Structure formats: structure tokens, C-alpha cells
Amino acid sequence: MVDSVFMAELSWPEFKQKMDENVIVFLPLGATEQHGPHLPLSVDVVLPTGVCERVAHEVNGIVAPALPYGCRSQPKTGGGEGFPGTTSLDAHTFSLVVRDVVRQLVQSGVRRLVLVNGHFENYAPATEGVDLALRELRRDGITDVKIVRLAYWDFITKETLDRVFPNGCPGIELEHASLMETSLMLLLKPALVMMEKIPSDGPAHFPPYDLSPVPENFVPASGVLAVAHGASVENGRLLFDEHVERIVAALHEIF
Amino acid sequence: MVDSVFMAELSWPEFKQKMDENVIVFLPLGATEQHGPHLPLSVDVVLPTGVCERVAHEVNGIVAPALPYGCRSQPKTGGGEGFPGTTSLDAHTFSLVVRDVVRQLVQSGVRRLVLVNGHFENYAPATEGVDLALRELRRDGITDVKIVRLAYWDFITKETLDRVFPNGCPGIELEHASLMETSLMLLLKPALVMMEKIPSDGPAHFPPYDLSPVPENFVPASGVLAVAHGASVENGRLLFDEHVERIVAALHEIF
Amino acid sequence: MVDSVFMAELSWPEFKQKMDENVIVFLPLGATEQHGPHLPLSVDVVLPTGVCERVAHEVNGIVAPALPYGCRSQPKTGGGEGFPGTTSLDAHTFSLVVRDVVRQLVQSGVRRLVLVNGHFENYAPATEGVDLALRELRRDGITDVKIVRLAYWDFITKETLDRVFPNGCPGIELEHASLMETSLMLLLKPALVMMEKIPSDGPAHFPPYDLSPVPENFVPASGVLAVAHGASVENGRLLFDEHVERIVAALHEIF
Amino acid sequence: MVDSVFMAELSWPEFKQKMDENVIVFLPLGATEQHGPHLPLSVDVVLPTGVCERVAHEVNGIVAPALPYGCRSQPKTGGGEGFPGTTSLDAHTFSLVVRDVVRQLVQSGVRRLVLVNGHFENYAPATEGVDLALRELRRDGITDVKIVRLAYWDFITKETLDRVFPNGCPGIELEHASLMETSLMLLLKPALVMMEKIPSDGPAHFPPYDLSPVPENFVPASGVLAVAHGASVENGRLLFDEHVERIVAALHEIF
Amino acid sequence: MVDSVFMAELSWPEFKQKMDENVIVFLPLGATEQHGPHLPLSVDVVLPTGVCERVAHEVNGIVAPALPYGCRSQPKTGGGEGFPGTTSLDAHTFSLVVRDVVRQLVQSGVRRLVLVNGHFENYAPATEGVDLALRELRRDGITDVKIVRLAYWDFITKETLDRVFPNGCPGIELEHASLMETSLMLLLKPALVMMEKIPSDGPAHFPPYDLSPVPENFVPASGVLAVAHGASVENGRLLFDEHVERIVAALHEIF
Amino acid sequence: MVDSVFMAELSWPEFKQKMDENVIVFLPLGATEQHGPHLPLSVDVVLPTGVCERVAHEVNGIVAPALPYGCRSQPKTGGGEGFPGTTSLDAHTFSLVVRDVVRQLVQSGVRRLVLVNGHFENYAPATEGVDLALRELRRDGITDVKIVRLAYWDFITKETLDRVFPNGCPGIELEHASLMETSLMLLLKPALVMMEKIPSDGPAHFPPYDLSPVPENFVPASGVLAVAHGASVENGRLLFDEHVERIVAALHEIF
């Protein structure tokens, strides 16, 4: 038998056996989005998948295929749709994908499902997709399912943030393509990080409003919203271990 | 600079440079679907992605992230939704995903796009998605784009089919989880093939109609629609090389 | 009482009596699409309706009004949307029509329903429509319905094909506006066939891929994809009788 | 060349020639709906199609295939969905059908289009469908199209109403399956009218509100909302001729 | 405790108590639409809300927040979308709003719901929205709800019409921004009526068809479809009292 | 002429004149949602409308009718859909409403539009609605429009927060039905605030994940997520004045 935490690598009888054991299934929600000149377009797929893989090992779960295309990028959180390579879905499309995948996983036997988000803009439409799936599943008579939604970056202590940002954290919401994501990529996919290309045109200074069309120079030209300098594999290890540990703890609480 | 045919591994300036060179972009259309007890759920992702990777090398193109969830599986072509692990989208959802990804890739600069299908049920809704995207793009004033749709298995000669099936091909449409897909998987992902689990309950004998709900025993219990015996890495090589060679030839013809 | 196999000609109490007898209801899926210079735009309505009428007589069923507009025509199977007169629905629209008509027929009492397709491009979205209707009907507590989907042209023996095509069949998928459809029209609506206008610019030679926008000369200018010469009322009779006989046999098997 | 006012009977080159002549195209909007025990389910298809056929002869136009399934029947205007045989579309589905058919007809060259309604509930969603089509066509750069919407029964003089209803008209909105529709069917499809089955349980007395779910006895059990007694072929002729004459006059005014 | 008929002014425990008492809930369906130079854009919100408020007082009910944006304005009933300020929803959007609000009110405990329409074009898509909500609610197992739909202007006697229109009523459907609406506004929001701006370019003379695009001068330039002269607070009182009285009577009949 | 900042109170010629002057138009995005036992269901309508009214006075703008129903309430930000009275739209419905209203306002002449949000869950689907409207407007050839999105509560200084929360702010995201909203309501609608009903079961302690179905006791039973004690009209004045002042300043920056 294939021994893998990845659902994609299991045959259907192996998957069925996992269902008979009522394992936790993880669904990473990714995106194909610019992450500056030093990181690849797949950061938002790599990071939640990496977290899911480790957490699944810890809790004996499996990881469903990550959604590689996310909900439309917004300037303040991902740079927006103007960067070549950013390739996104409409919110309604993304919600329907989540609805369908959640519904079909549950129809296949999943009763403990954890959506792990890696792209800020996915959160609201993923919530909608889960709500729509649950509405349908109730009408199908299925009510014994638990669905968790989380963003891995929310599983962090103030202590760790202080260690990673000795001069103070600029705010997690600005951390797009910046120190934290770069550090985590150095840990998980070092070959795809080009440290020498880290730009210095950040951090962005955003007003407390959004404006369409997006004005010139609203977003740093590099696409890095805060500052990536200071990224290191050590910081990546620190962040990753804490994300994993705290998510595992939360899952023990929930299930 | 990262040297990769995978768009996911490029940074946005690298992707932009590819656009400036007007490279061909490949989009593999996959699925998460049962493929018998001897093959993993990801066959329909692995195979078109593998073909795209090689073809992209040949024509200096790049490969966008594969769609990991396909359109609802049908009994005669994939065993249907009854197998645990098969996890599909509604046709409308799938068409919207294709519409959005195609539209955004073109908005990002892609002018030569090739959709490579690995899951039969994707073909019609992918066609719809492309038509919807082109309708929108025309209204955006973009008319200089060429979009190819193909299924890799259609790029095969009668000679090769005769070599692979010395006793006659049962029909490519039955080849789900059977000799051809198993052979290709032996070539591309041998660790995920469990030859000892190849079942013998096929081939299916389907009537010339479809029936809902699906009757008992309509589909072989294993999910293998034809016969996987006879699969070999040599056959995989034969098929793969021909798929690649002929798709490359077609692309030279088109572009 | 009106004695008619056409639901359109029955009053509602007559229809209700049919439901009390649990008769089989047929729904022809048509299109308004070019069929060359010698055949009318309604071929895909006339032929499945004609088959349904005869089969309904044989099995004591009734025929619901045919859908006159089908799913978007594709170049390789119907010439595509470029021919004046071809008037099609988007796939999603077509699926919703099928969903609604199927759901309402079942709500009206139908428990044995047969969709008989006359336009290739309808098949996948009709399948989707049926799946969506059944999903809703299950939630309405209706689970005792059987729905058959078929294309009349699949009900044919090799022997008959050999008789109709003494020089070999070019492939049924190319038979748009060609020998088979022309022969059947000569049988069912001879006044609408203009034999003297049969063109000779076919057969089409299609590559194993699809290309958007459709290149010049991809499709024969006449819209006839194979060859219509050789069409005759005798061939039409041969084909029609076999379609009817084999569909009737299949229905006896199913119900 | 086939000489027919029915688009369905034309080949595509014949249709194209009609487009070159910029003929008026008529689209009948029908329904499959109960019309009492004495009339068939197809009244709302037969009557607007009959009017279109005659008007098309007068103005040298052609008639596109009628929509056989209409928008959900309402109790006060058609008896509602509770009658077996009434088979309707959701309003959104119906609007999308109208949008697609209108858009594709215009894309095929139609510039003068007349929607002739035969089912009250179709009017609002047909208007929506036309508005959606025009919105899309404007974005396609097509602005020289004129689209008329009408219900044939609105083309009537007070004089004729007085002759047809010597004791006063109960209100055209109640005329479902009643004197006017029965008279017109006697003219156009006499074989489908069973005068001996005309019921006497009407007219309905509706309150000035609508109530869901529909209360018992809200609608006469027969489905005839007013009174069909008094129907005659002479009345049908009177009504039909005036409908035709006045619609023709209106079209001369418009085009 | 706040003593208000307006749901918007209640806290949730107060609303819950109303639900425990099974009070009737009113939902006014409004619009933001031109009503001539003498009336504000909110006439279709003010009038049904005013009627609901009084009726709710009489039957001890409450009034949910009015929908301020209605379904697309049509030339013959509201002047059409060409007037600056008219701001409408697509029919599908409006139906979804009604579906969601109705469904959620019922999920919140409402079992007696009355939709009071103030904008003609809302009626059909509101009916659709209610039908869609009830379809969903049945699947949720909720079947003990009664939903009334009405337009306040239908609750009027011939006697009152004769008093208000001594020279004969031009037809209620033409009464847009005319005598009746102006009179009611004089009663309910006198400060928003500018009698000196009442125009004299009406009444409109509409043909029995609709035409797109709308021809020049189809609608009186002022947007008043009939005649507003003769409006008075006395007429407003007469109309309003009768609307209220007759709606109250109808509700006693229904519930 | 009516002198009002409310679009609802203007006649269409008055609105047109405002358009000729290119005034800024404000669209408040509200909700009908529980706000504890001491506040009415309309808090999320009252507050952004109040801010818009004052800001409109300052910048000579007008206020379009507020959307009274918002996007589905989530437990952590509004208590969730379980509270009686909370009445919300699906995200897709809400996005379509925003799309339609924005598109039609712009079609009516608006070129400077400010969406002022009062309900957290509205933000993401409002962004989607604006993006969809702009996509359509670009295809209509309208590109000279500027659309601002903001939440009034983001326009606040740290100094003011410190004054309002002498013991430290618990986080604005928890401020549902708490000190800030209560203070603002004391300023704007004091009659609707029942200070004696302020509960003490908060603040909520939410984990860094979301869970469906929502566990018992996840949300304080009162629906107040933080603490409302300390609310005062003085605090309301402080907050309100700063919101207004800073939004006005931002608008001067933008336009």
C-alpha cells in the first residue's frame, strides 16, 4: 500500500480505508499570484500545502489536492490583478469550487474537514462556499460533518512575532511576499527563492480606503508589500513549527 | 533566474519576460478520480501535466498550474461519482474556472494557449469555458489570441495502437485506468503504480445508452473499465513519445 | 379522447391518465443548426422526434415537446456558430432547460423518462441537466424515477453500417448533414430535402485538436462534414427501422 | 428552393438569403401548460405560432422555432404548476433562453425581430432576456437592431370584444382556456378541441392578492379560469383576423 | 421595550418575542425610480412602506426593511432606464434578493409573510423569488408558512376610483407619477411634493407592443405617464384609507 | 427645489442637475443583523448612513439609498445567522446587488462614487460587485469613473481609540454591538438604545479558526461580542466627528 499523506497518491480503496477510519482531510486553498521578484507565483500553494502535509502527519490525516487558483487579488493584500502572472478566479467561481469540492468530499465519506488558507482574498468566498455546501448537505440529510476554516498565519504567538520582527511587526496583513513568506519559502522550497532579488521599494503605505481604478504607485512596483529583508531559514523554521504545533493543538481541541 | 517550464516556479518578472517572448502556455485539465485499485486518484493530473512538461521543453513554452478537480465523472468514462475519492465539480463550475483562468492568462499577456485535457468529462465544459472567455475578451478588444484544445490520447497512430494492443484495442473511450493509463503511469510515476493490484473484473460491456440512477454492476467493481494487464513501462514510453512528438508537430502547424 | 403519442396534443386529464398508467415519456433534444445546402435547419429536431414517435407507438409511451434550440454548435461536429441560421444556447442555459423540464415532468408524475438526443453537442450538458434535476428531486424525496439518455445513432449494427456504407463508414461523428442524416430525412420529411443541392466539398479532414478562433477552411464551406451522396430513402428506412427496433429492445431491458 | 415561412424548413443558404433581404423574423414564445379538459397542453404554442405564420406571410417574414416551454405557470393566469402536464421553466432559465436565442439570431444577421407571446407568464422574463441580449450586443458593437415584444391578444378592438362577448368580457387576463383561446383553437387546430368536455366550473373569482401555497379551490378544478362556452370557429376567425391585421399594421408603423 | 412596528427598530430579543407571538411580517418592495419633476425618486419605497406601517398597526404586525432598489424600469410602466436617477436591479438579482430575504425571515421564525409591492416591474420577479424560497424551504422541512403577495393599488373599489377620477380613470397601469401616486405622497410625505412642477405633457399613448431600443418621444419627457393634475391630499386620504382597510380585511380572510 | 443630501428625496431633474455638477455620490452598505439586546437590528444601516449624511453635507455630495440587507453574518464578526432577526443575503446575491446598483448609478451619470460600509461581512463581496461593475462599464466604454470603498470605522486615530478605551481597545473586529457602535447609536438614534439592557456576558474569546456548525457557546448569548459598558454620547461624538473629518480629508485627497 502506498504510504502517503497526499490523497492524490492514494488509490480509491486506500482512500476508502482512510474514510472508514474517519481521518481528518485537509484542503489547502492556494493562489497563483505575484510574490515579488524573488519568490515564485506558487507561494500561496506551497505554504498551506506544506503546513497541511506536516499537520496531517501529526494527526494521521490526509491532504486533498490544493486549489491552485484563488480569488481575485486585491492591491492591499496581494498587489492586485495588474501584475503579470497573477491569475485568479471571480469570487463566485471560487465559492462554487469550494462548494463542490466540500460537498463531494463529504459525499465520499469525509466527516472532518479542514480548509487551510494560504491567500488572504480566499477567506470570505471560501466561507461562502462552505456555507453553500453545508446548506446542500443538510438537505441531503448529512449533518454529522465538522468543517474547520483557518489561515495558517493566524497560528502564531506574540513571542514568536517579536523574535521574527525584533523591530516590530508591520502588521501581518502587509506581509505579502515579505519576511514571513520569504522565510517559510526558504524552509520549504529554498531553490525557488532568489535572495539577491529581494527589493527595497517597500513597505507600502496604504490609506484606510480602497480605490478603483488602482492609482499609479499605490502598490510598490516590486509587488513586495512590506519588507523581505531579514528573511532566513531560521525564521522560517520558527514560524513553521509554531504554525504546525498550534494547528495540531487546535485540532485536538476541535475533534 | 529560475529555469523552469512550470509557471508556478517563476517569479512574476520571469513570467513577464516569457510573455514578452510570446511563449506558448499550456494548461493541463485534470481530475481527482478513481483509477482502480492499482493507480492513484491523480492519474488525470499526472498524465497531462507530464505531457505538457515535455512538450513545453520542446517548444520553449511554460506550463500553468493544472486544474486538479475536473467535471463530474460519468460511469462509462470514469466509473462515476459513486467511487470514494472521486471528487468533481459541476459542469458550470468547471466552465467558469476555465473561463476565468483563460481570461486572466490572456489579460496577463498570453496569446498562445494550449489546454491539454486528461479527463474525458472535461472536454465539453472546457470548450464552453474557452468560448465564454473569448466572448469576454472580444468585448475587451483582445482578438489576437489563439487557443488550442486537445486530449493527449488523440495524438496516436494506428501503428502504435496495434503495437500496444496486439490483440486489438478495446476502444480508447474504455481505456480508463486500463493498459494505456497504467503504462504511462509506470513511465511517469512508477512509485504510485501497484501492479500486483491490477484487477481482472473488466472489461466493462456498456449498452449504447446511459441510465440514472446507475444500475448495480453497471461498472466493474474495481473501477477499471477495460483491462490493465499488459501495461508496461515500454508501452508507456511508446505512447508518451508519440503523444509528445505529434503534439509538438501539431503546434508547429498551428503557431 | 384524443389519441396521440404527442404530449402537446393531450389535454391535462389525458396526460394525467397516462401518468396513472406510468407510461414512458420521451424528450427529444434538438437544435436549430445548419445541415448543408440540401437539408433544413431542423434536421436535429425532426430526426429524434421521428424516432421518438415510432418508439412511443411501440411501447405505448408519449413524446414531450422537443427542445428546438440546442447547445452551441462546434466546428467538428456541426460546423460551428459561423453558419447563418445556426442558433444555439450556451451550455449552462441548455443544462438549466433540461434540469427544469426533467424536474417538472417528474413532479407531474413521470417516472420513466427517455431523453433522445439528435444533436451531438447536447449530450454532455443534457447529462449535467439530468444530474442537477436528480439532485433536486432526491431532496424533494423522489427517488423512484429512471432516466435514460441516448443518441438514436448509437443504435445501429455493424451489418447495417456496412450496407449503408459499402465503401466503409467515415466515422459516425463526421456524419453531420451527410449520408445518414440525409437518408433519414428522405424517409421522414422528403419535401425538405433538395437532393440536387448536395455539395461535394467534403469530407472534412479534421486534425486531432480544436482551435479558436476557427481557421479559414477548417470546415467545408457547404457545412456538410462528410459526404451526402449515396443517401436514399432505402438507406433511411434501414437506419430508421434499426434505430427504432434496437431502442425498443433496450427499453424492454431497462424498464 | 423550399418556399416556407418557417425558418426550421429553410436550409442555411436560404436563411442567409432572407438575412440579405433583411426580412422580419418572428419568435413565438409558448408554453406547455394545462388548458382545461377540452384543449391540449400546446395551446400557448399553437396560437402565437399560428399568428406568426399568417403575419409572416403578410410581411414576407419568417418564423423561428417556437419556445415550447414557458415560464412557471401562476394560478391566476394559467392555473399554476399543480396541474399534471404543466411543464415550465424557472424565470431565470427562460430569460437565459430568450437572451441566447435573441443574441444568436442577431449574430446570424437578424435586425428586425418580433417576439410574439402566447403565455402571459413569459412576458416579464422575455423582456429581461431581450434586455440582457441587447446589453451584450451593444458590447459586441451591434446597435442597428430593432426588437418588438407583443402579446397577440392585445391586438384587438373594443368592437370585436363586444361582438365576441355580447354579455361583456370577463377580463382578458381570465381568458385562460376560455372562450377566446377555445375559439382560436377551433380555427387553427379543430381536431384538438373537444367541445363536449368544456367544463362549467368557472369563472374563477380571484382575490386581489396571491397566496403561497395555493389554497384548495383557489383555481377551478377544470383549469378553465373563465368560461369557454360560446366558443366558435366564427369567433376564432374574428379574433384571428383582427390580431393579424392589427399586428401587420403595427409592424408597418415600426419598420 | 421599544414599541415600533418597524423591525429595523427592534432588538433581536424583541424580534424573537414577535416571532413567538407569530405576528405577520410585511416586506415592502420598492424602487429608486423617476416619478416626474414633482415627486422624489423614492415614491415606490414611501408608498408601500406607508401602507405597511398602517396595516401593521391594525393587525399587530411588523414591517421588515423595504427593498430600496427594484427590478429594471420599463418604459410603459415607469418610464424606463433612460431617466437619470432610475437605479434598478436585473430581474435575476431582484429575484435572488427576494429569495434570500424570504428564506432568512422564515428561518428566523416568520410564518406569516406579506410582500407589499410598490413598483409594478417587481411583481413577476418577486413571485419568482418567493417560489425559489419556498422550494428551498420545503427541502429544509419547513412547510407551515403562508406568503401573501400583493400590490397596494389593487385594493380599491370602483366607487373610490370614480370619486378620484370624475372623468374616468385612464387605467391604473398608466398611473405612474400621476394623480394617485401624487395624492398619496401629498398625504404621506407632503414636503417632497412640488405641486408647481406638475407637468402637462401626458398622458402617454402607448401602442400595444414594446420596442427596443425605445423610440424617441415614446415616453413623455417629464416621466409622468398619465396626468397628475387633480392630485390632492383628500384623494390621498381616500385612496390610502381604502387600501389599508381592504388589505386588513384580506389578511383577516387569509390568516 | 428640495434641498436634501438624500437622493431618495430628489426628483429626477434635481438628480440630473447634481450629475451635471459631478457631485460625489455615497452608497451606504448596511445589514439587518442582531446587535445585542440593547440595540436595534438596523445599527449597520443607521451608522454608515449617518456618516454619509454628514460627509455629504461637507463635500456637497448626495447619499443613495442604503442597502438594508447585507452579506451573511459570521459568528466572529456579527454573531452569525442563528440570532432571530438577522436577515442576510448570500454573498453572490449581495455582489450582484452592488454590481447592478454601481453600474446603473454610473450609467445615470455618477463618476465619483463612495461605498461606505457598515457591516464587516459586506466588504469582500462589495469589492467583488464593484470589480464586476467596472468590468462591464469598461466594455460599455466608460472609463472615467472613480470608486472608493471604505469602512467608516477605519477612519480613526490611535489617540481617539485611547481616549475611548482607556483600558485598551479589545480589537476593532470584536466591536460588534459593543462600546463603539453603542456610543455612535447614542449620538445618532438615542431613542433606539436601551442602556439598561446592556449585557455583561462578553467579551467573546474566539479561537484563531472558524468552525461549522458553530459550537454551542461560541458566541456570547447576548450577541454582544466585546463589551458595551462605557458607551456614551460623548464617545459617540468623538468617534463620529473623527470618522467624518478623516473621510472628508481622504475624499479631498482622492478627488
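Observations on the structure shown:
The first chain written gets the first letter, and so on, giving A, B, C, D, E and F; residue counts start at 1 in each chain.
Assume a residue touches a chain if its C-beta (ideal position, glycine included) is under 8 Å from a C-beta of that chain, and two chains touch if they have at least 3 such contacts.
In this text the structure is predicted, and so the values were computed from the model without any measurement.
With steps allowed only between chains in touch, the distance from subunit A over to subunit E comes to 1.
Between subunit B and subunit E, the least number of touching-chain steps is 2. Using the average of C-alpha coordinates as each chain's centre, B ends up farthest from subunit E. Superposing subunit C on subunit E by their CA atoms means rotating through 120 degrees, a value rounded to the nearest 5.
Centre to centre, using the average C-alpha position, subunit A and subunit F are separated by 29 Å. With centres set at the average Cα position, the gap from subunit A to subunit D is 54 Å.
Mean C-alpha positions place subunit A and subunit C at a centre distance of 47 Å.
Touching of two or more other chains is recorded for residues 90, 92, 139 of subunit F.
Pairwise chain contacts present here: A-B, A-C, A-E, A-F, B-C, B-D, B-F, C-D, C-E, D-E, D-F, E-F [touch as defined].
For subunit C in complex with subunit E, the residues that touch the partner chain are 139-140. Interface residues of subunit A, counted against subunit B in their complex, comprise 1-2, 7-13, 15-16, 19, 32, 34-42, 45, 64-69, 81, 83-90, 92-93, 96-97, 99-101, 104-105, 107-109, 191-192, 194, 197, 223. Across the interface of their complex, subunit D is touched by residues 72, 74, 90-92, 95, 121, 123-125, 127-128, 130-132, 134, 146-150, 154-155, 207-213, 246, 250, 253-254 of subunit E. Listed in rising order, the residues of subunit F touching subunit B in the complex are 138-139.
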